Structures are given as C-alpha cells and as structure tokens.
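Chain IDs A, B, C, D and E follow the sequence of writing; residue 1 opens each chain.
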Amino acid sequence: MAETTHGIGGLKYDHSKRERPQELNVFIALILIVAVFEGLGFWLMGQSFLFDSGDRFDSIFNEARLQIIILQVAIIGIIAIGVTQVILTGGIDLSSGSIVGAAAMIAMSFAQVAEVNGFPNPKGIFIEQGWVDLPVIVPIAVGLACGVVAGGINGALVAYTKIPPFIATLGMMVTARGVAKWWSKGQPISFPTESYSKLGAGMTPVVIFLALAVLFHLILRYTVYGKHTYAIGSNEAAARMSGINVARHKVMVYTIAGVLASVAAIVLSSKNLTAQSGMGVMYELDAIAMAVIGGISLQGGRGSVIGTVIGALIFGVIISGFTFLRLDAYYQEMVKGAIIVGAVVLDQWRQNKGGKT
Amino acid sequence: ETIGVSMAAFDDNFLTVLRNGMIETADGMDGVDIQVEDAQNDVARQLDQINNFIASGVDAIIVNAVDTSATQAMSAAAESAGVPLVYVNREPINVDELPDNQAFVASNEIESGTLAAFEGCKMLRAAGYAGGADIYILMGELSNQAAVQRTKDFHDVISMDMCSFINIVDEQTANWSRDEATDLMTNWLSSGDEFQAVFANNDEMAIGAIQALKASGVAMDDVIVTGVDATQDALVSMSQGELDVTVFQDAAGQGTGALNAALALAAGEEVDQKVYIPFILVTPDNMGEFMGAN
Amino acid sequence: MADIILKTEGLTKHYGGVHALTNANFEIRKGEHVAIMGDNGAGKSTFVRQITAVEQRTSGKITFDGKEVAFEGPLDAREAGIETVFQTLALADHLDVSDNLFLGREKILFKLGPFSILDYKGMREATRAALQKTGVKIPNFRNTIQNMSGGQRQCVAIARTATFHSKLTIMDEPTAALGVQETAQVENIVRTLKEAGEPLILISHNMRQVMDLCDRIVVFRRGQIVANLKKEETDGQDVVAYITGAKTQPEYAEAAA
Amino acid sequence: MAETTHGIGGLKYDHSKRERPQELNVFIALILIVAVFEGLGFWLMGQSFLFDSGDRFDSIFNEARLQIIILQVAIIGIIAIGVTQVILTGGIDLSSGSIVGAAAMIAMSFAQVAEVNGFPNPKGIFIEQGWVDLPVIVPIAVGLACGVVAGGINGALVAYTKIPPFIATLGMMVTARGVAKWWSKGQPISFPTESYSKLGAGMTPVVIFLALAVLFHLILRYTVYGKHTYAIGSNEAAARMSGINVARHKVMVYTIAGVLASVAAIVLSSKNLTAQSGMGVMYELDAIAMAVIGGISLQGGRGSVIGTVIGALIFGVIISGFTFLRLDAYYQEMVKGAIIVGAVVLDQWRQNKGGKT
Amino acid sequence: MADIILKTEGLTKHYGGVHALTNANFEIRKGEHVAIMGDNGAGKSTFVRQITAVEQRTSGKITFDGKEVAFEGPLDAREAGIETVFQTLALADHLDVSDNLFLGREKILFKLGPFSILDYKGMREATRAALQKTGVKIPNFRNTIQNMSGGQRQCVAIARTATFHSKLTIMDEPTAALGVQETAQVENIVRTLKEAGEPLILISHNMRQVMDLCDRIVVFRRGQIVANLKKEETDGQDVVAYITGAKTQPEYAEAAA
C-alpha cells in the first residue's frame, strides 16, 4: 500500500485510491454497450456488430458501420459541445435545435445555385435579387451570424434580466422555430452550390466535430475562459465576489453555444443538400442527453468535453445497434429511453462506488 | 430478401395506413423481411437511417421522404453503395434524374388541395354564395410540405375567376391536430364574424372544426367543411352530414406498390421508374366506396 | 483628511420592511485596524455587503481613498483595492485550492483576451506559499473545496485575501470556524498586515482577539452604530455593555433610542 | 410610517413594506397583457378583446372568448399542477406530454363503442376480445394506472438511483412516446362511449382543472406533504438530515404528476373523441413554462399553484389574443417566444423592485 | 455496561485516498458531556457524520443504547434518539423559522397520512418559546431562513435540537458564529441538558467553553483519537499540547505514529 502524506501537513493520503476520472466511467459504459450489441449480434443475427463478418470490407472492421456510428452523431455532437459549456455554467440551452432550423434556412438561401439542369433554381429564394452562386463564405458568414445573434440574445437575457436559462432559451426555441418557418413560408430550400455541398459531404462532419471537440477541450482546460466557466457553475455568487464578470462571461458562453449550433446547421444543410424549417427539432434534448451521459452535471461545474464526445458515441452506437439488430422501431424508442437512463445510472453508480472505497 | 424502410413519421395517420399496408403485404410473402424505421420528421435522421441500412447490408431501401427536397443526398448514398431505392408517397425532387436502380411510387400533392378546394367552391356556389363567401383555412404544420402545398392549392383555386367570390377571413395553423383545430375554431367563433366554410389541410383538423362548431350550436348544414385523407373518422362524420368534402389517397396501394418495386429492383428486374397514384375526390355521393380503405 | 481610507455617511440598508442598517457613520484611517462587534443580526455583515457592493445600498454615501464611490458590484470594489473575506466565504466548490485562490486574477502564461493560457504551475507554487502562512493542513492539495472541512475552507478564503496587496482588507468573522493553532496563525497574518501599514476592518465575536489585534472597536446594535471605542479607553466588560444595550455613547444616543 | 419592532427583540421592522406576494406580480403581468390586447383590438380591429362589442351576449363580456381562453389551457393546466409540484422539489418533468400520449391511447382503447352507424367500430382495438361498451370506470382506471406507473417509475429513478430528474424524465419521455406509438401500431383510436365522451365535453375540462388547482393549493399549503415538498426543494440535504424520507416523498410527487398527466390524457381524448399517438407532444414544455411564468422557481422551494393557474391564463390570453388580432401564423410563434420571456422578465423585474425599496 | 449510551469501535472513514478517520474507539455514558477538540480537518465532523449515518462508514462498529446499530440514514439516527446540530446547519432556506424548527416532525391538527393537516398556530407558539431560550433576536418572525444572519441561523438550528427530547445530543461547533450574549444563552441550554441528565457530544474550538461545560475531552489529530482526558486531570495548555501533537497519550501512541 503506497501510503503517503501529501499537501501541507495533515492526514494520511493514499495516492493509489485516487478517484477515477469521470470520463473513464463513461468510457466503460460505452465499451459495455458495444459488447452487448456484439454479443446480441452473434446470438440473434449470427453476425458481428463492429467487425466485418460478410467480407465486405478490406479491414477487419465493418467500416461502413464505424463510419455511420460517428457520422450520425457528429452534427448533434457539435451542438453538444456548446451545450456542454452552457451546462457547465449551471445553465441550459433548449434553443439549439431551433437555431439549427433557422440558421440552416437562412444560410442555405444564400448558398443556392442559379440554375438546375438548365432551368432557374425551382427553390430559389433570392433569384430575383441575383444572390445566387455566391462564394461559399457568404452562406457560412450569414449562418454563423444567426448563431451569434440567437446565442447572444440568450446570453444577454440570462445574464442581464436574470430569468432562468430554461425560460430564456425556451423562448428562443419557440421564436427561432418561428423564424425558420417564416423565412421561406415553410418551403424547403434546396440546390446549394458545389462548394457549399462539400461542407457536410462524406466524413467532413466528423472531422469538424472532432476538431471542435479538441479545441474546446483545450480551451476549457487551459484558459481563463474555461476556469471561469467552471467557477460560475460551481458557485455563481463566489465567482461574482471573486471579481469575475459573470454577466459578460455568460453572454460569451451562450453565444459560443449559438455559434456551434449554427455550425451544425451549416454542416447539416450541406450534408442533406437542403434546408427545411423542421430541421433540428428535438436536437437540443439529444445534445443535452449526450452531455449528461458524458458526465456533465446539470448543477454546473463538473464534467468535460471528452465526456460529451463519449456520450455522443454512446448515442451513435445505440442507434446503429438497433438497426443492426432489426429491432422493431416501436421498441427502439422504448428501449432508447431506457438506455439513456441506464447509461446515467451506471455512471452514477460507478462513481459512488469509486467514492466509497 | 431484407428491405429497409424509412418512414417520415409513425404518428401520422395517413402514413400509418400506408406503413401497415406494406407490412401486411410483406408478412404474406415468403422470405421477405422488412425493417421499418421512424424518421420522426427529421431529414437528417432519415439520411442516417439509410446509411445504417447500408451498413447492415439490406437488399433494398424504401423511403417515405420527410422532405422531398432532401432526396438528392439519399439517392447519392444508395447509389454509391449499389443498393436499390424506392421512394413512396411523396415525389422526390430529383425524380427526373433517378439512377437506374431507383424508382418512385407517389402521388402529386397538388391534386389533393385542389380537388378539395374546388369542390368546396362549387358547393358554396350551389348554396347561393356566389356573391361572396367568407371562409377560414386550417393549415397543417407549417414546416410540412403537404401543408404548405395544400394551402397554396387552396389559394390557387380561390384566385381562379370561378372561385374568386371567396374571401379568406383568416388562416392559421393547427398543426394537423384535431385538438388544436377545435380550440382555434372556438377562438374564431368567439369573435362572432360570419362565415360559410372551413377548408382544412386534413381531415383531423376538419373534424376538430366540426366539433367546435357543434359545441357552439352552429347548424352543420349552414357551413361547408372540407378535409383531405378520407380517414374512417372523416367518413363517419360525412355520413352524419357534418363533413362535406374529403380526398382519398390509396395508402395501402402505395405501400404495396413500393414494396413490389423494391423487390423487383433487388432481384435485378426492370421496373417502371415513375408510378403516380392519383387522389380521388370523396363526397357523400361516393363515400361508400372508401369505407374501410384508409 | 487625506489619511482616511474609507468613510461612510448615513449608510442605510432596508430589506423590504427590515431595517438591517440605519444611518451608519463610520471611518477608518490608513494603517488603522478597526474591529466591529455586535450581536447576531446587528447588521455587521450587511454593513460589509454595502461597502463591497455585493448589494446596492438604500441610501448613504461612501468615500473610499478620497473619492466618493458607487461601486456597481464586488468586482469594482476589488479593483478599487478592497479585499474581503466574506462570512459566506465565496469559494467555488468544484475547483481546487489554487484555482480558488487565484479566481478572477489568474496568472497568465500567454495573453489572449478571455482565452489567455493559464499558468498552472505558477499558481500552484504561490498557493503552497500562501497556505503555509495560515498553518492549515490539507492532505490532498488537488482536492476540491467541497471536500474540505469548515476550517480548511476558511483558511483558503483568508489565504486568498492575504496573498494580494490591497488598500483595505475586510474580514467577516475569519476565525469563527478555526482551531486553536489556525486561529493563532491567522492572527499572525493580521499582525503582518498591521506592520505593513495595511488597514483592516475585522468583524469578530471574540473579545480577546479584538483586544489583541485592533486599535479601535465600533459596536453595532439593532442595525445602528452605538459606540466607537479606543482600545486603550475601554475593556471587555465595557464593550459588552455597549453590545447588550446596557450602555450607549451619548453621541449615538438619539439613533439608538 | 407604521414602524414596529417585531419578533423577539431586534431590528426595526416596517410592516407596510412587506414583500408583495409573488402571485400578485404575475397577476399584474396578466392584466397588462390583457390590456395590451384590448388596446390593440380597438386600434387594429375596432373591436374589444374581452368585452361584448357586438351585443351578442347577455353580459358585458365576450363570454365565448372568456370561455375559450381558459378552456384551451385547462388540459395543459392540469399537467402544470403536477409539474409545479415536481419543480417545487427542485426537479423537472419532461415526460408529461408523452404520458398524455400513452395514457390517452391506452385509456381510449378501453372506452370504445361496439358499433358505429350500425357497423362494427372501424377503429376497434379490443373488439375481438369483446372489451367494448365497457362502463366508463374501466378506461378511467386504466388511464390513471398508466399515470401511476409512469410517474412512479420517474419518481423511483430520481429518488433511488439519484440520476438527475432531467434525464430520468427524458428517458420516460422517449419511452412513453414509444409506447403510445406501439400500442395500436400508430393507428388512431376513435369512437368512444357516450359516458366517456362526457368527461371532456363543454366546460368540464375547466371544472376539473380548477377543482384540482384548489385541491392542490390547499394540500401544498396546509399539509405535511406540502411542507415537505417545499423543504426538499429548498435544501434537500437539510430535509434529509431533518428526518424527512426524501426518497419516498419524491416518488409520491412524481407519481402525482404522472397521475395528473393521465387525467389530462383522459380529458383530452374525451374532448377530441379520439386518441392519437402524437397527442401531447411538447405539452411538457408548455406546462413548465406556465409554472415558471407563474413564479415557480426552477431551483425549487418557491412558488404556488395559484401562480401556475395565472401562468396558464397568460398562455390562454396570448393564444386567443393572437387569433383575435389575426396575427399571421408565421409571426405567432416568434411573438409567443418573446412573450413567454417577457412575462418572466417582467415578473423578475417587479420582484427586484419590490425587494429593494 | 448498561450506562454507555454510545460506543464506537474501530470507526474508520476513507474518502477515496483520504483517510479522514481511522480506527476511532470512543464511548460516552448516559448523562455525560464529552467535548471533542482538534485542529481543522482533524476528522471531528467526519466522526459525527458516521455516527448519524449522513455518510456510510468504511468500517467499524457502532453501538447505541446497548444495541449494535447500522443506521441507513439520518432519519434512522434521529428516530433512534440522536439529535444533531450539524456544522452545515441543515436548514431549508425558503421556509421560515417555525417551519424549520418542526421540519420532519410537524405538529398535526388532523391525521391523514402524508396529507395530515398542519397545526401552524401550535408550531408558531412553540417556536417563540424555543427561540426565547437561545436569546436570539429575529426582527420579522415570518422571515425565511435565507434572509437571516449567520448567527440567527445557528440559533434556529440549536433551538430545534433543544426543543425535542433525545437520548443523545451532538453539537458540531454550535457557537462558532454566535455573539457574546447568544453564546452565553446556548451555554445555558447545554447546562439545562446536563441537569436533565441528557448526554451530549460537543465539538468546539473554544477552550473556555469546553472546560466550563464538559466532563471529558477527547482530542482528534490527523483523523485519529490521540487523547481522552478527564476535565479534572487536565488544563488548557495540556489539551493544546495534545491537539498540536506535542503530546500523545501512551494508549494511543501506536495509532498516531
């Protein structure tokens, strides 16, 4: 037993019994879930979940499955990175899904081609104004601006009017969805330029997701912004008394979350080659669930982006696993609810066990 | 054979009939396995479902598109994986550029709204309102293309010379829902304005309006109510002299047709790439034919 | 009077119908250590919260370092040079000792606005030094505040204040939860401040401590100042008489009527 | 100035400056919103919003409007009474809307008539089993049982596994919606018996809503259950140390919320003469918004059912007001979001002003 | 030994790697008042939390009132007859004084299971009487706890414990935040308990108080018991020597090595 007395004087402290990092627990949950699907796969389908059983791929893995597992959560994952930060401050963001809808509609309307098959773009929004075939930077800038505005309003409401984030962002959820429907009177917007189409093509969403995850992981860990985010979530009054400009910081955090939602909107509309006013409905709940499954405490102050990424992967595995097992769609939802709960319970349980010795 | 099916939504009345028709047909066939997924009205989820089907190695895919403008990406995904694809019920935007092993069995939404509104217009004339009639319009979910299209159809009909006597007092959304339509209608009634007809984007909302009208003591003979779908509830309501017009779309027929096309493509056979299933106008005169259909 | 660092005139705070602080006229000179004593609920912490702008006062005037001030919040007060150990400690539960010590004025490796890179190593070393001064024992240095004993927390809060130079230090019952040794250490810190000529307002219920450390004692009763006593001219019993209401100084008699 | 010293010794205390009860602030917000619609009505429509301008009614009010204002929120209001209690304990319930869906489907399938117009009920679920034309107590009991089960599971998860209520009830939200879709494979269930049809007919929903509101107002105020609900929300650790059986109490609170959601389901399906698997979508958010607008603190421990009732009325007024002004459907949502936020901001602001003197 | 009300054997608590309490053997007789002293972080509150089952112990045995016990939570402990004033006070912020006093054992007008009707009037009157004993001043009696000063809160917590009869009372630093008068009052309450023959464990850093009120002093150091001193056989300096580690009783020498 490696017992040692540490710190300044004081009690015995046994290094070997340090608490396991939260993320490890979540990771173990992920592995467990994969193992279950792998087992069920052999038992029920006579087929491997993650490995190449039909010899369809060059490697030993079912590459198509590995790709779709992460691809299908990459976009909500991008949102979850922002939501993670909001939750870390002790807040919540219910508006992300609607921001996706609004930003997708608006960005896409600046990304349209003039002609489709030689005819004028049948879905063209700004054909009359001649705002077609614009350089890709225009829709990107417009889309991000939507995120800045919506997120900024969220932040300002939370920071300056002191209303609960739940309500501020619920209001934005309703309003932004209204904007999405109003923008083109409910008509979907399609036929983007080739350069815009590339933003969400193939595995690009995954690359963007992971790059943003790494970036924000580093920011939260090593910068003043990160430290203050945790401090506010841990004890807002203390943060204020310590001289942190809490209001300004919150505006920043909600704005970043808004921007990440609009990044998701751009990638999503590009991936689907269309924008639709119903896009992103309920994404906020999935994003929050990913964060919480990943160990972010809804009280604020605890968790990390790595956890959120693992939380997203758990979602991806579940969705793919269900299709793989050909689980009836009716049962999918019922079971999905149970798994969300189960993953968090498992995590909670491992944590308690770790804490107790 | 394994067929993967992605439906736009499971909690949609009409699509449920279509889906169940498809499942029944498949159950009756030997060696056909179908796996039906619920896209929950999310375009992105639908695309992911298609990719999941591909990862699982299905023999063909059937898609009831959430958003008919989002079909390009789906066609591309299926094509590059070499999996046959059939669109059902909603006409894909890329219908003219479908690859060889893709097809569609669908109906043209322009018909449904037009048939209903035009019949409503004729009934108003017949009732002697050619000098001017006030109507309310109940719209479906504003993010849904059927709602947007049908509302547009209503407007197009009303802008025709023959129906231009019709004046729209107000149009609001009740999100396809009977409950919201009931409340909305009651709100309209509370302002006390006179009107002669209610045009609804679907039957559920039409029934909601009827329930509100009945609750406030309006005689159903005095108001013309139109819907779309020809659901059981709607036909019963019609038989009781409440609902005046609806439009039938052969849900089960579409489902079966799509399934057959998918199986044929999976077997490498040639199929008709475009199959249009027409809408049919339903009034008290011919409603008997549709009982038990949808 | 250039050597008055803080002066309040008619400082008043009502919470709804509760008159927690009425018409407080108070002053402290540079280098002076003043104690505030009084029963529970007498308004001492309320007084501190008005000076540091944790709350906005109902009325009254505050002059700090020669200028009339109207701080918007504690950030302003701190930037003006007032360091405070609040009774409620103001620590972030999920952060560790060194994070808390430097909260709001982190050491920076590389400046990038809000995204400036933290100098963890520098902060950790400075923390070790600062804690040594308070004599507190903390077994696991990276432990978060939520896992610390009442006294350990208090020491972290005090170390924070003592680490940074200031124009005025305020401590609201800093040794209430401290053990015998730790109290002695904190009293040493206070003496160091005295030697360095830094003024201090010390709120305490501990008569011995107050008599040991302070030059002057101001007594609060029922939201009002009722006495202002030079240490040399008073003793424990006398102070208690003012606290309990047995005595009131003539100049405050009207207020306390 | 009526100054008096109160309590045991101590400070001056001025009775006249006591804090205004929260509910009064919310009520003022309600009046303000009504006044705005009244004003806009005269200005834009040349018509009164609440008063009888066309001489259509016996009283001076537009009775039809007064009725619909409360009727259209009565059902979600019933849910909000339960949600209020959950929020008072510091929790949240995202599952109510889905419980409505599931309970409506299940209850309705036991409330069907055997024959419609002389033909066997075309939507009959249990025709083969002969479970048709059952006494109304059967569907009611079955419906309430759904609420007990779903709410009980929520409560047990929150109380015993210690996972955040957000996640426990999010899981239930997904699962119960799955159950609703699976029950009749997505088919709507219609044609209820006459006795069942009466449960939601006419103004019955309003009567049920108000009766439940009064009942739970009294319970929260005058019983041990109520005191413990507030205590848990105020400081859960303290409640536990004071010897309150926090876990058992939470199970009770979530179960009551589940039951109230199932009452809403019964009333709703009866009112509409049909049950559909999509029923109740998003009701949870409206119910939460009603409670928060009514002054229930999302931190727990503060607020009352009266506030929630006023919050519901604010919703009702907004919806009716929009239709009254014939506001374009596209703008309705945008404005609705803003009004939700505005009502809470107003309330917050009045409260601060009151507290400051 | 039928007159031993509480006995712990080998009581141990680890938090992850932190050995907060190691092998504590402790006993207290009926009618006896025992003080626990020790530095900050010495494990005193941890000891209390294990006895009252706020946390589950790592190992060790607890015997209460003649029976070995394994309380599931504080509710069990209280029902068995242990009343505790926790260092963190355990008050519901949004409830008023009387609600807090009776939390978990409300007076009932009419029994109806969980929906029993509260006897507000009865509780309010009892509260007034209980508070009078502590001598605290509370301007607005219906004020919620969140609006009270640190000392006022502490008095509410103490009044709560003193209002109900119990087999054992535990107070964790009850007078830390109290003023001179209030401290005297609370000490009076403790004396009343003594006269009534009710046993008490008092955690305090105040040497005078401990010497005044208790029969025996148990000293904790670094998570371990290092001394067990009869009041008559020791004095302040001696106790401090044990606290600081200058001395250790021979029977505990091994433990503290």
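The definition used in the following text is that a residue touches a chain if its C-beta (ideal position, glycine included) is under 8 Å from a C-beta of that chain, and two chains touch if they have at least 3 such contacts.
Everything numeric here is computed off the predicted structure, so don't read it as measured data.
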Chain located farthest away, centre of subunit D as origin (C-alpha): C
Longest centre-to-centre distance from subunit E, chain (CA-based): B
Chain centre separation in whole Å, for subunit E relative to subunit D (CA means): 44
Chain centre separation in whole Å, for subunit B relative to subunit A (CA means): 33
For subunit A paired with subunit E, centre-to-centre distance based on mean C-alpha positions, whole Å: 47
Contacts with 2+ other chains: residues of subunit B: 10, 38, 142
Per-residue multi-chain contacts in subunit D, two or more chains: 10-13, 181, 185, 330, 332
Multi-chain contact residues (two or more partners), subunit E: 15, 17-18, 41, 88, 136-140, 143, 222
Interface residues, subunit D side, partner subunit A - complex: 94, 157, 161-164, 166-168, 170-179, 181-182, 185, 285, 288-289, 292-293, 297-298, 330-338, 340-341, 344-345, 348-349, 352
Subunit E-touching residues of subunit C, taken from the complex the two chains share: 15, 17-19, 37-42, 45, 87-88, 136-140, 143, 147-152, 154-155, 173, 176-183, 205, 207, 222, 240, 243-244
Subunit D - residues contacting subunit B, complex: 47, 54, 56, 62, 64-65, 67-68, 71-72, 116-117, 119, 122-123, 180-181, 185-188, 190-191, 201-202, 268, 271-274, 276-279, 319-320, 323-324, 326, 329-330, 332
Residues of subunit A that touch subunit C when the two form their complex: 5-13, 219, 222-225, 227-228, 230-231, 233-235, 237-245, 249, 252, 301-302
Contacting residues of subunit C [partner subunit A, same complex]: 52, 54, 73-75, 78-79, 84, 86, 88-95, 99-100, 103-106, 108, 112, 114-118, 128, 131-132, 136-141, 143
